[in-house]
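I have a structure here, written as structure tokens, and I will follow up with some questions on it.
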Amino acid sequence: MSAERTWTVGVTGATGYAGGEVCRLLAGHPNLRLTGVHAASSAGRRLGESQPHLLPYADLVVQPSGPADLAGYDVVVLALPHGASGAVAAGLPDDVLVLDCGADHRLADAAAWQRWYGSEHAGTWPYGLPELPGQRGKLAGARRIAVPGCYPTSVTLAMAPALAGGLVEPEVVVVAASGTSGAGRAAKPNLIGSEVMGAVSAYGVGGVHRHTPEMVQNLSEVAGRTVGVSFTPTLVPMARGILATCSAKVLPGTTAETARETYLAAYADEPFVRVLPEGQWPTTAAVLGANTVALQVTVDPDAGRLVVVAAVDNLTKGTAGGALQCANLALGLPETTGLPLVGVAP
Amino acid sequence: MSAERTWTVGVTGATGYAGGEVCRLLAGHPNLRLTGVHAASSAGRRLGESQPHLLPYADLVVQPSGPADLAGYDVVVLALPHGASGAVAAGLPDDVLVLDCGADHRLADAAAWQRWYGSEHAGTWPYGLPELPGQRGKLAGARRIAVPGCYPTSVTLAMAPALAGGLVEPEVVVVAASGTSGAGRAAKPNLIGSEVMGAVSAYGVGGVHRHTPEMVQNLSEVAGRTVGVSFTPTLVPMARGILATCSAKVLPGTTAETARETYLAAYADEPFVRVLPEGQWPTTAAVLGANTVALQVTVDPDAGRLVVVAAVDNLTKGTAGGALQCANLALGLPETTGLPLVGVAP
Amino acid sequence: MSAERTWTVGVTGATGYAGGEVCRLLAGHPNLRLTGVHAASSAGRRLGESQPHLLPYADLVVQPSGPADLAGYDVVVLALPHGASGAVAAGLPDDVLVLDCGADHRLADAAAWQRWYGSEHAGTWPYGLPELPGQRGKLAGARRIAVPGCYPTSVTLAMAPALAGGLVEPEVVVVAASGTSGAGRAAKPNLIGSEVMGAVSAYGVGGVHRHTPEMVQNLSEVAGRTVGVSFTPTLVPMARGILATCSAKVLPGTTAETARETYLAAYADEPFVRVLPEGQWPTTAAVLGANTVALQVTVDPDAGRLVVVAAVDNLTKGTAGGALQCANLALGLPETTGLPLVGVAP
Amino acid sequence: MSAERTWTVGVTGATGYAGGEVCRLLAGHPNLRLTGVHAASSAGRRLGESQPHLLPYADLVVQPSGPADLAGYDVVVLALPHGASGAVAAGLPDDVLVLDCGADHRLADAAAWQRWYGSEHAGTWPYGLPELPGQRGKLAGARRIAVPGCYPTSVTLAMAPALAGGLVEPEVVVVAASGTSGAGRAAKPNLIGSEVMGAVSAYGVGGVHRHTPEMVQNLSEVAGRTVGVSFTPTLVPMARGILATCSAKVLPGTTAETARETYLAAYADEPFVRVLPEGQWPTTAAVLGANTVALQVTVDPDAGRLVVVAAVDNLTKGTAGGALQCANLALGLPETTGLPLVGVAP
């Protein structure tokens, strides 16, 4: 396939954070050309009103977001609230590449969907995390891809090698700090700046966050057995970024050294996953705006636990960058095409 | 003892954050009168140069911090780097109330001190956490008190009822987010604003943070058996506050309801510990500048873990407020005298 | 009047930021006792739901906010949107002390009100800025007081000595940075954390901010002639605080030294205004939560301008603290009663 | 010149913020290839230790920063403290393109340099602000370029059209808010996170900031007469970005409409300068990481002043992006090559 070939892309939900990040990354992609933006609430207005940072697209007029409005693109990116993707996708031809940044098509178990989301399951699409064992092949040539959630991206990549390698027991404890963009752009009283600045808070405690079954699904598949996940998300005063601290009890024989070797081997060929040099711990600042995951692993011999910390930008590798990485695979482009490896720091 | 009686107080380390917070709280205490400030590096300068928020004390001249310089106070507060308190305290008369905000006199086990701090153990003083079972009585009338560390304050209060009540197994996993003031006022490259704003990072991972043995000591005493603690501290972009997320596997019979009842009962009479109404989760914003701890507890039945989240201001209840709470007990004043119950929010 | 006498206080708008700050300060006031909280939208709910930092008042039930609901208090504090105070105040007896934290009763010129707010003028009350020449006497014993706006508090105190002392021409340029709490607690899309963190923006540029006529009124009265004010407010990523940078062309003879002397003399006896030592410039951090204003003044001889920088907490001295300072004067209490002089830093 | 031609680039000061940003942008530039990094203090260490966000360059070893160490590059970027560039540049061949991000070669007036910096003037190089009238031509083919300062970039672009167009009197008042990265990476006590978060402060007040003579030089040249600049910088709690609020008294005939037309005309063909649609005001968030300047202009008829607000990323268009824009011109590449037009938001 020629490097010069281009595909047209339409983004729906383009006035939100995930959709805006897709647009930002498309501006730097040589083969994907953003030709239309759609949204439910701002149709008819210039994109620049809601997304002033998207300077080259400022004068694009936002179009409606019904299924019929999305006809004619080579690639359609759905950045919609959960529950909305199914109907939209159903109206698109099979040969259009559809990337769903929402949760609708991630879970394989319809009952799990029903339990956690309380609506009918829209179906299961190939899961867009190429770094999972065997997953890359399923995405090559695919035309429907379920982009992983931001927390599951970080937690799955953090714990998969330990579980696949039999280093730990199948019970994982995760506490993750997230920037506020993970909560979306809706103006809710608890999300206004005065409330979130200078404050850390917990939410969705006790296993009730909807990303939990996605983590369980991913880690169980990797481990080849059911993995329990205790997940507590917290909100920290920054716009972007997730730092996930994950741990599990070590099985006999696991040391900091064997853990490190396992992780280095697991990700040796992954362009977007970086196991940091010994002694250096991840910071979200280093991955801001980049499609990368920074990891570090150690073992606490006193507590008998393996601890992994992962940093990811929830909007980039955690959503929009992950989506375009899948698009590259689906379209036969080199996987890293157009995706930033460098974070914006400080 | 008359409510009108006053004691003179000298604070050493007054140009740092912990010392500055002691001064701030003394300004609102009716019985304790700040009459002298000391510090190693700024002696001879006005306090207002380093602590411009302490308006009423701006023109106090900082004095040297040697043992002889601290003579003549009724109460001396030590806010010094670890390892420095022992020598200073040794030079003070037995009837002077000495509150050590540093770590030197917290650990009962000299070998543990040696392992974690690498120097000779200065000795063990009554541990200044009145909310621990049986501890309040040991502080009444005491003249040497070891003020708890900020992380141990939050984690101990978070997990003590569950361990004392036999709700959980004795293996606790803690991930705590801390504001940068917990790292002190020294100008280190990784602490400058450009590095910490917009960033969350982990440090001291794998059981190497020096607050770990203090948590183990406290929780083991409460549980009546050795408790393992896996502790990961993270640094978040705010100046003050700790949010500690703590969990442990539940023992049979423990439910969200029994857990809640246990916590409500444990803290029913504690003026500074608040178990929040059901469904409300702690935020550090609500305890900023207050001598309070906000807690919430639940059980995740899928993961089989009890989860407790605690919010505390590391400088107030976590250090300086905790110190003055102990001073009140030691001097026979009502325990809540002069201590703020209201946080500064938003 | 006995120091032991207490007055009951009702606060309406208690679930907002200004109202919440009034409650916070009342918790530390020995003579004013908060006995009721009111709000339009949260009536019937516990105050702790919306104001978790107000621990001692958490279980107060929010009452409706109609005029009849406010009967029976000795003191009523109105923390309402502009336009709402007039009707509420009209229903309260003359001997009740009413403090209006809103704009309704600040402007003396009904036409100016009409121009800037587009509604009928509710009337003019004594203006609650005791530091203005001659103003303190008007507040003693008053029963209706218009609490100044946050920006006008900082700008008036910053420029009054220069204009009263004939140091500058009567054209003032102000650029002020404000924390987001100044915009209130309503959930607006441009105020959510993801938008304001990591960002500075201008708003109300070109003389359209409604605090402008209040500044013009104050400074013109001080100067004895009409003063022009070019005012640009900006929003910065913090919850509280205003830093106002004010300048005007110097008249012949004005130097940094004469300016400094003028300011030191003007505020020598003011308990809440601090002209900083030479070379030290204000930071909002030092006045956070305190009822103080920090000022510094200099002259730029190249540009021929006097420059004053003022720091104030918009919610404390800029609103709620200013209100209680006025209450002290109105009720015959020492002016500083119950008001914090110490900021919460870092 | 072929689009495929590449030039090798060496960056000295690569472990600082300006140097790091040059490296970040080089990672996205198709014709410039970073082949060596240099720094005074970290020589011999991996770049990833100090710049973990520069993933593709993490394993580059930092080399010393003496003149001899910089031999052999096609392009050398100097990101050094002021006073250091002259000696380094003197040792480089004339045909090497040298971009000085420091102040040393910006001022045309040696006496002004001497007054403001107190050292001998290193000389004057072509000034790298292509948007200044007539300046673009001087940069084409140049081999020595003085990259403008961050504040002067924003202020010059903000006020040049008004002064060139005779809209205002030649006395400009500027108050600018800057993120902390503008103060560099040195660990100073006033720059640690605990001090800058939640705080706005002024510094360099009264015309003493060293960027003042550069603004005066630029604006005077544009105006054809001496322009006075009253400049007050303030530090706000974010890592990156400058928001400059600039104003001057209008001359007769200047209205909001004529001002807007003048600005639209002045920047109609500039790829990196955007005059925002009417009613939309700049925010630094929209230009974060982008080589763009966002401007808005209005006239306050009451105060009789034209007000312009400009947003720029101090490290991108304000330093490193501006440098590469000049490099493009100097090397005959399209001016926009490899430079981001899209900001990273939220």
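Note that the chains are named A, B, C and D in the order they appear, and that numbering of residues resets to 1 at the start of each chain.
Convention: a residue touches a chain if its C-beta (ideal position, glycine included) is under 8 Å from a C-beta of that chain, and two chains touch if they have at least 3 such contacts.
The chain list, named the UniProt way, goes like this: A, B, C, D = N-acetyl-gamma-glutamyl-phosphate reductase.
Note that the coordinates shown come from a computational prediction; the quantities given were computed from them, not determined experimentally.
S.K.: Which chain's C-alpha centroid is most distant from that of chain A?
M.R.: Between chain A and every other chain, the largest centroid distance is to C.
S.K.: Have a look at A-C versus B-C and report the one with more C-beta pairs in contact.
M.R.: Answer by contact count: B-C.
S.K.: Validating interface symmetry: for the copies chain B and chain D, is the fraction of residue numbers used by both over half? Same or different.
M.R.: At the contact between chain B and chain D, which are copies of one sequence, the residues are largely the same (over half shared).
S.K.: Indicate the whole-number Å distance between the mean C-alpha point of chain B and the mean C-alpha point of chain C.
M.R.: Taking the mean C-alpha position of each chain, the two centres sit 35 Å apart.
S.K.: Using CA atom averages as chain centres, what separation in Å is found between chain A and chain C?
M.R.: Here the centre of chain C sits 45 Å away from the centre of chain A.
S.K.: Residues touching two or more other chains, restricted to chain C: which are they?
M.R.: 17, 181, 185, 194-195, 197-198, 237-240, 283, 285, 288, 346
S.K.: Line, ring, star, complete or other: which describes how these chains touch one another?
M.R.: complete
S.K.: Which of the residues in chain D end up touching chain B in this complex?
M.R.: Residue list for chain D touching chain B: 17, 179-181, 183, 185, 187-189, 191-198, 237-239.
S.K.: Would you pull the chain D residues touching chain C in the complex into a rising list?
M.R.: Contacts found on chain D: 171, 173, 175, 177, 194-195, 197-203, 205-207, 212, 228-232, 234, 236-241, 243, 245, 247, 256, 281-285, 288, 296, 298-305, 307, 309, 311, 346.
S.K.: Within their complex, state which residues of chain D touch chain A.
M.R.: Listed in rising order, the residues of chain D that touch chain A are 17, 20, 24, 27-28, 46, 48-49, 51-56, 58, 181, 185, 197-198, 239-240, 274, 276-277, 280, 283, 285-290, 292, 294, 340-346.
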